[in-house]
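Residue numbering begins at 1 within each chain, and the chains themselves are lettered A, B, C, D and E in the order written.
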Amino acid sequence: MIAEHVAFGIIAAVMVASALRVVTARDIVHAALYLVIVLAGVAALFLLVGAEFTGITQVLIYIGAVIVLFLFGIMLTRSDFDQDGETDHKRKLPAILTALLLLAVMIGALVDRFGDDRLDPTPQTTAQVSDELFSQYIVPFEAVSVLLLAALIGAIVIARREQGG
Amino acid sequence: MLLNEMLLLGAVLFCIGVYGVLARRNGVLVLMSIELILNAVNINLIAFGAFHHTVIGQIFALFVITVAAAEVGIGLAIVLLLYRNRRSIDLEQVDLMKG
Amino acid sequence: MLSSVPAIAGFVRPDIDWHAVAPELTLLGVGAVVTLVDIVLLERGRAYTSALTGIGLLVALIPIVTLAADGNTREMFGGAFVVDDFALILKAMFIVVAYVVVLLSTNYIAEGDYWENEYYGLLLSAVLGMVLMASARDLITMFVALELLSIPAYLLAAWRKGDPKSNEAGLKYYLMGVFASAIMLYGMSLLFGLAGDTRLAAISDAVSGGDSNPVVILGIIFVIVGFAFKVSGFPFHTWAPDTYEGAPTPVTAFLAVASKAAGFVALMQLVHAGFPGRDDVYQPLLWILAVGSMTAGNLIALRQENIVRLMAYSGVSQAGFMLAPLAVAGDIGGEALSAVITYVLIYAAMNLGVFAVIIAVARRTASGEISSYAGLFKYAPGMTILMSVFMFSLAGIPPLGGWFAKFAVFRAVVEADTGWGYSLAAIAAVNSVIALFYYARVARMMWFENAPEGADTTSLRVPPSLVAALGLTGAATLLFGIYPAVITHFTDGTLIALP
Amino acid sequence: MLNAIIAAEAAGGAVAASGWFLENAWLVWLFPAVSFLAILLFGKRLPRGGSEIGIAAVGASLVFGLLTAIQWISEVEGAGGDSAEGEYALGKGALAAAADGEASGGVSALTRSITWLTNGAEAIGAGIMIDGLAVMMIFVVTLVSLLVHVYSTDYVAGDRRYTHFFAFLSLFTASMLFFVTASTTLQMLVGWELVGVCSFALIGHWWEEKPNSDAALKAFLTNRVGDMGLIIGVSILFFGAGTFDVIGVNEAALNGSMSHTVTLAGALCLTAAVISKSGQFFLHTWLPDAMAGPTPVSALIHAATMVVAGVFMVARLYGVFFEGYTIGGASINLLALIGGITTLVGATLAFVQNDIKRVLAYSTVSQLGYMVLALGVGAWTAALFHLFTHAFFKACLFLGSGSVSHAVHSFDMKKDMGGLRQAMPHTYRTFMIAAVALAGLPILSGFWSKDEILAGTGGWGLFGGTDANGAYTAMLAMGMITAALTGAYMTRVVYLTFFGEYRGHGTPHESGPRITVPLWILAGLATVAGFINFPAGFQLVPKSWEEKFFHWVEPIGVSYFPAIKHATPSWSLAIVSVVVALAGIGAAYRYYFVRVKAVSPTATELPDGLTARSSLARLGHRILVNKYYLDWLYTTVIVGFVKGPLARAAYWTNQHVIDRVVNEAGTRSVQAGNIVYHKVDQLVVDGIVNSTGKISDSSGEELRRMQTGKVQQYAAIMFIAATILAGIFIIVI
Amino acid sequence: MGDFLNDWGLSIPTFLPIIGAAVMLLIPKDREQLHKLIALATTVAVAVFGVLLLIQFIDNDDYGSLNFVVDKGWIDVIDSRYIMGVDGISLPLILLTMLIVPLCVIYSWNHFPEPRNPKAFLMLLLILETGMIGTFAAQDLILFFVFFEVVLLPMYFMIGVWGGENRRYAAIKFFLFTLFGSALMLVSFLALYFLADPVMVGGELARTFDMRLLPEAAAGIAKSSQVWVFGGMFLGFGIKVPMFPFHTWLPDAHTEAPTVGSVILAAVLLKLGTYGFVRIAIPILPEAAAEWAPFIGLLAVIGIIYGALGCLAQRDLKRLVAFSSVAHMGFVMLGIATLTDFGINAAVFGMVAHGLITGMLFFLAGSVKERYHTLDMSRLGGLLVQAPRMGWILGFCAMASLGLPGLAGFWGEFPAILASYNPAEVLAEETFRSYMVVAALGTVLAAGYLLWMLQKTAFGTPREEFANDASIRDATASEYLAWAPLLILILALGVYPQLLFGATDPAVVNSLNDCLDSVASGACFDAAAGR
């Protein structure tokens, strides 16, 4: 039990620190790399509480695909002009205040309700997940496949250069 | 392990993400911040799934991950489009239309 | 093999009612065909895609009609997917709206220099998302449906790739949309956390504690905020004017009508199936949103110079009206649904009509400025009359359809017989007057002013698909106003009651 | 509609009158009404421009009226007239029986009505009420109207609106007849206003000049003020009595079913109407201005008929006034007081006018005051008798003045007249007769009626003259003074017009027969009209000739008329009043015919110095030097003072105070209108509306600023809003 | 014939104009003569129908209750039905509408205001007619509301397109004001619907918008609620009337509207508001009416004086006539506020009379404007010299307008004043008697401004600028044709008011009696009580 807490503590601390760097780093590539750490932390947490399949998927999709996408994006949009440009707004106070206020509301609500409820870290098998996914959630599953296709096609159309001119 | 540990971490990540989308000017960085937010949600979902001992949390999280991926994809496509037209992805300058 | 036995045993083949999902499947098929045609015929497909999409949409109406004729409420997956009258009328509406949008798009897309065959495919997938939304009674399905209708819409908004405004429209819509879904998702995660299930019925049981539970409130508010974005309710409307202005006009019409309607569908389901026990939370919230939307939308609309932006703010204001019955939904039950659906249906007709005129006129003036409508009566009287009909219908002047929409709303809020209800009615009444001011301003331009010097005032030629769209919407607007029973027949509060 | 005729009910125990002409008396106003339309429609195409239609119609009405009168008289004479007459002949306590509330065989009015409107499921009728009063009025109106019609064919010949003129004469006649035959107060209201409109139209006949239209407006508006009283009064009486019927209203007032307060309120409101319509003090100023109209109009409307509408109304609703003011309670009542003041004021003002018509106008005011005074003291018959005689001599005077002005093209006595005696013999003679009648010298008509009024005041305790409805000595004094003043100002007029030497331009000629014949007819009537009502106990004529007018006109022994007492005539009073009148004449005669003439035949006043020097310092000297002590007394004190300072002061007050008030009321209203419109309406009321629009507009602009176009600000709004909403809800709920 | 009229007698004339307009829509714009003919034929046909209705009505001889009742389903889900019917109160107003519109067509025959376009103009006129007739015939609140609003648009366009200098402002002001009122009115209707007891409709208990049933059904509403509901209606109807202080749209709308627009506005549209009070607000909510009546009466007399003072400040002839409407409608409202049969009869008479008279005055103003190209009274003068017949007609109308007995105007004013001497029992006599005095003062002011107007325009000699203007001619044939019926009616109603009172009185008495039956508490009114 203690081990879990310790593990969680370490992971959480790393994640928060990295997340803060993601939103503060001057270099975009650095930010992307910090993001990797956060995402990896999330995956670790998933494993920690027994969500194996999701944890793996997290690694595959996020670190395997999304981050790569980001890096492509960063490279494609990097320009001389942007190099000198600011990555952040000059006035951050509104953003900080908003985030803190939101945090206060959330924490207040969560602490009030879930006090010291405990998790059940019993692992859930991939089979259980797939059983549920392909029965109860078959419709959204199919829909999401359409969504992915549409997003794929759409993204291509949008991102490709004007055909023919 | 306490449910709240996870939830509070989720909340903190969410808020960091919110800060990110508000404070960053670079389009790609904003997209990254969004990922923080969505991951915060996923942490919540997984935590609740574990709390209730149901796979639905996982399934929900899977959908979110999938959709998030799609969103990042088209988000980047739009940012690219923007870049192609303006040679910049500074969101601050995107204000042709207002009022 | 052995280890997989319990897993196999745990898998129960879902009992799928194929008739119930026939509309979705049809749309899926149509989408596939359109995509295939695009892939196979490439440039030659230009001539067919639009017609094919249109026909496909009409075909998708067939299963809806058969389902309606059948009359049974069909539930699947433990109530996560429901096909009832509520769902059917909305599905039908989405499809018809999409059909009109196709009519609007035909020339616009074909004649523009941004022709892409994928346009129709994306449109269809968005429609699929909407149609799915109408049946969704489960957070996951709702989320997916929402994304399915949103993601193609983000792309469509940016469809005019060479136009910075269109880029900007897409970007803003996309970013705001993602932020909103993020907030909504967070809310959903909390609700799921409370219920341990994603079905609305289960959530209803979990949240109806009656005690003041901050997490419940947070969850409900965040979820509603997410959809309030979709319906462009104040103060989550900010994307709408910019997106509407920049997006290709048919897409704007689609966003302003179908996308908004989908948001309302979700709100109705949430309010009625999800949180019926928590009207202490959602009623004041929706009251604030309703009042804020109708007032702010109207006031800002007063200052608009661009017709599309005007329509955007008008849409914000109209959203306020549509939210109003939901703000008293706890007191009046199914009547609120009836009012909202009535409003949405009529709104769809008249708003599409406006966009049809905007498209038709823009073909001549190539401008979205309201001042470019000056003297329209002189050279395009028919268009002027239609535009006036739509505008005054939006303002709620009998006997045009809009009056009955407004009437339904008033009726609902008054029926509540509460202070909240009456105050809402009074505010709505005042707002309907303010709204008239800017609607009438457009009419004034067309009727009272003279065309600017040197403007081309030969009579306006309108392509047949637009004429069809105009005829359809115009006739519907008039019919709904003169004989509202054609709508109320479908939107009767007793028929469409959600659990 | 015919079947809607409601049979008349006999009032009280009296015998109801009947007879074809009586029952169909509505025809008398129908003829001229039709004539009005006919003239409007066809007048211009007829050879005489429509005047023939008017004359024919009014002639028919006159004939009809005469027949009605004959029928009425025969009714009265036939039904219990004998017994009543016998009693009256005794001359005193005549109406003891009636006073006891016993209906002793009087003849009650004939009424016929149709349903005019239904309101509140109640039928409100309209119809005719024919009795002696109505018959008398019909006669007066139709006769004077006919003469004026004839006169006008010459007088306004060649006028560009000749046809219209006759049309309105017809309309006026119809309206007036409608008014006098009305059976309900509502009808009276209608007739009342209609005559007002005709008066407006005819005063403004020459509307090209602004003064004329101003005068017309003033007349109408002043009357309208009074009409306000009439409208309210009629309303009060309607709810008090539950009916509009004249008979019903009177009965309710008399039998006490209408409370005294209500009756008094009604009477007060109606008095306001009388004040304006009959030119009583302080709303009399419109009447002299109304002389802007053509002279025949003045004669018909502003002397003989319309202006007596107020007098007629009081007479008609005498029950209300009698009870309301408790006439006969011997205390001075409003009606008598107003009449008294008016008669003095009018007579005084008549002195300082140079316009012959204005003299006559003020004279009319004065004489109307007489009538009102008479009604106020309960001398009902006397008032109407004076109305009757006054109609003739005053019409004659007006027409005479018209004839003069026709010849000299002016109304200014001082500038353009003088010495017309020879040039216009007929006019001169008729004018003289009428003037003497007005002055009240025996045996002309004015004498009889004026005398009866003076007797009716009951203020003359000497040798009879008592037994009236109380002793109104003050009223008697006023009447006496007026008698003197009347004689004086008429002498002045006669001198300035007909004596001395002609001061105008050109050579005046006598008018044609269409003018002179009516003049002679009227002069004749002015002479003999008084004979119709020899006082009781007059001795000089057969008894059956006495008090015919009273007998025919005054309703006796009917439930709708109060039991009034009748004064005993007094020889001594008659003699004194004649002496007073003669004194007035004599004084003026000395002044004008002797002293002014002595200055120069063309002089119109004594040179300024003479009166200016009449100061106290020279008093003794003058008495010594001037042997004409009486002359001085007359000319300087009476004529000089009255004509000079007093009349001038009165005139100044009249023009600068009363008239100013009337005019100011108009201008102030316009000013108030301007303030209300420009300041209140446009600035405040409309301003609020417009500024609401502006506020919406500018708040829209403020909100629009929120829309910066920067997507991250949008996002901030969204997140902040969501957070704050959630926060507030968590705290509140 | 009788059966046919009973079934279709109201629906056909109501919708015939719309059909006419639809036909015109299909005909090209440049065939002006044809358009005029169609419009004329349609409106005349409607008028003929009106005559048939009148004949049948007289034959039925049942003025007190609804004739020609049609009751069909319309919007079942809200229990709103297509119920039409006419009684003695609405009949005169319907006939007035049917009369005025063809006259307007005739009047416009040769003078369409700029920018001409007879097609659109006449179509709007026809749509207006449908709305107006429908409003007076509707016996269902929602149907009433719809027709009530139908008139807005055509009038808006009529003012906005064919109006004067400041037409845009005037048009939108007219529209916004009316809409504001009607929106709140609709809320009131709905509140009434929900608060009133369900009634038996077709054998089952249901809520209803049926005006015939509501007086009874609404009796159970708590007084405090009634007062609020009445308040909404008060705004809706009061703005339309218009009562002070909601009148500001009226002078602007009238001044800027084309002649025909002003005529219709004055003759019919203003009546929609007062009709609403008489037909809906008072019979259905008598208790609330009693609470509101002193206030309404106060506003009415303020309106009378205020309107008159406004008139005195005008330089523009048309604006003067417009302000006079405020005063006249004040009399109508005063009559209504007394809550007596007398007062309400007077009000109905006043409506018709005002319609005829003010309609005529606007016609005249239009013709003056056409001839002199100005309505500034300081520049006019001598109309009687240049166009004597027109001048006389103007005089006639001015007289009628100032309430001269013997002409129609009187019967609206006098009984209203009369009734306020003795208002319904529940109302304070002193209050209304003081109103009475003020109202009577209003008659004096009315005479003042009308005669002053007459003096400025008709009397005197023409100004130099117009003295030799050959285009200033006397009334033309089409003008005569359009005016004659109005003038005759003004006279006829004035001379024999029973023509109108005979029809309205039974209906008024009935509607007041009904509410007497329904309100046992004695809150209802008995005019006869004082007598």
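In this section, contacts are C-beta pairs under 8 Å (C-beta built on N, C-alpha and C of every residue); 3 or more make two chains touch, one makes a residue touch a chain.
The structure displayed is predicted, hence computed values, not measured ones.
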Next item on the list: Give the chains in contact with both subunit C and subunit E, ordered by label.
Entry: D
Next item on the list: Work out the mean Cα position per chain and let me know which chain is farthest from subunit E.
Entry: A
Margin query: If I average the Cα coordinates per chain and compare with the overall Cα mean, which chain comes out closest?
Written below: E
Next item on the list: Per the contact rule at the top, check every chain pair and give me the one with the most C-beta pairs in contact.
Entry: A-B
Check: Can you name the chain that lies farthest from subunit D, using the mean of each chain's Cα atoms as its centre?
Finding: A
Check: Which integer distance in Å separates the CA centroid of subunit B from that of subunit C?
Finding: 25
Next item on the list: Go ahead and note the Å separation of the Cα centroids belonging to subunit A and subunit D.
Entry: 104
Item checked: Mean-CA-position distance for subunit D and subunit B (Å) -> 98
Check: Taking each chain's centre as the mean position of its Cα atoms, how many Å separate subunit D from subunit E?
Finding: 39
Notebook entry, point to check: Of all residues in subunit C, which are in touch with two or more distinct other chains?
Noted result: 140, 143-144, 147, 151, 154-155, 158, 161-162, 170-172, 175, 179, 190, 193, 214, 217-218, 241-242, 303, 437
Notebook entry, point to check: Where in subunit D do residues touch two or more other chains at once?
Noted result: 704, 707, 709, 711-712, 715-716, 719, 722, 726, 730
Notebook entry, point to check: Pairwise, which chains touch?
Noted result: A-B, A-C, A-D, B-C, B-D, C-D, C-E, D-E
Next item on the list: Mind listing the subunit C positions that touch subunit E in their complex?
Entry: 338, 377, 381, 388, 392, 395-399, 403-404, 406-407, 410-411, 414-415, 417, 422, 425-426, 428-430, 432-433, 436-437, 440-441, 443-444, 447-448, 481, 483-485, 488-489, 491-493
Next item on the list: Please give the residue numbers of subunit B that touch subunit A in the complex, ascending.
Entry: 1-9, 11-20, 22-29, 31-33, 35-36, 39, 42-43, 46-47, 49-51, 53, 55-59, 61-63, 65-74, 76-81, 83-84, 87-90, 92
Item checked: List of subunit A residues in touch with subunit B within their complex -> 1, 4-5, 8, 12, 15-16, 19-20, 22-23, 28, 31-32, 35, 38-39, 42, 45-46, 48-51, 53-54, 57-58, 61-62, 65-66, 69-70, 72-74, 76-77, 79, 81-82, 85-89, 92, 94-96, 98-100, 102-103, 106-107, 110-111, 114-122, 124, 128-129, 132-133, 137, 140, 144, 147-148, 151-152, 154-156, 158-159, 161
Checklist line | subunit C-facing residues of subunit A, complex | finding: 105-106, 108-110, 112-114, 125, 127-128, 130-131, 134-140, 143-144, 146-147, 149-151, 153-155, 157-158, 162
Note to self: List the residues on subunit C that touch subunit A in their complex, please.
What the structure shows: 4, 6-7, 10-14, 16, 21, 24, 28, 31, 35, 76-78, 80-81, 116, 118, 121-122, 125, 128-129, 132, 138, 140-141, 143-145, 147-148, 151-152, 154-155, 158-159, 161-162, 170, 190, 193-194, 213-218
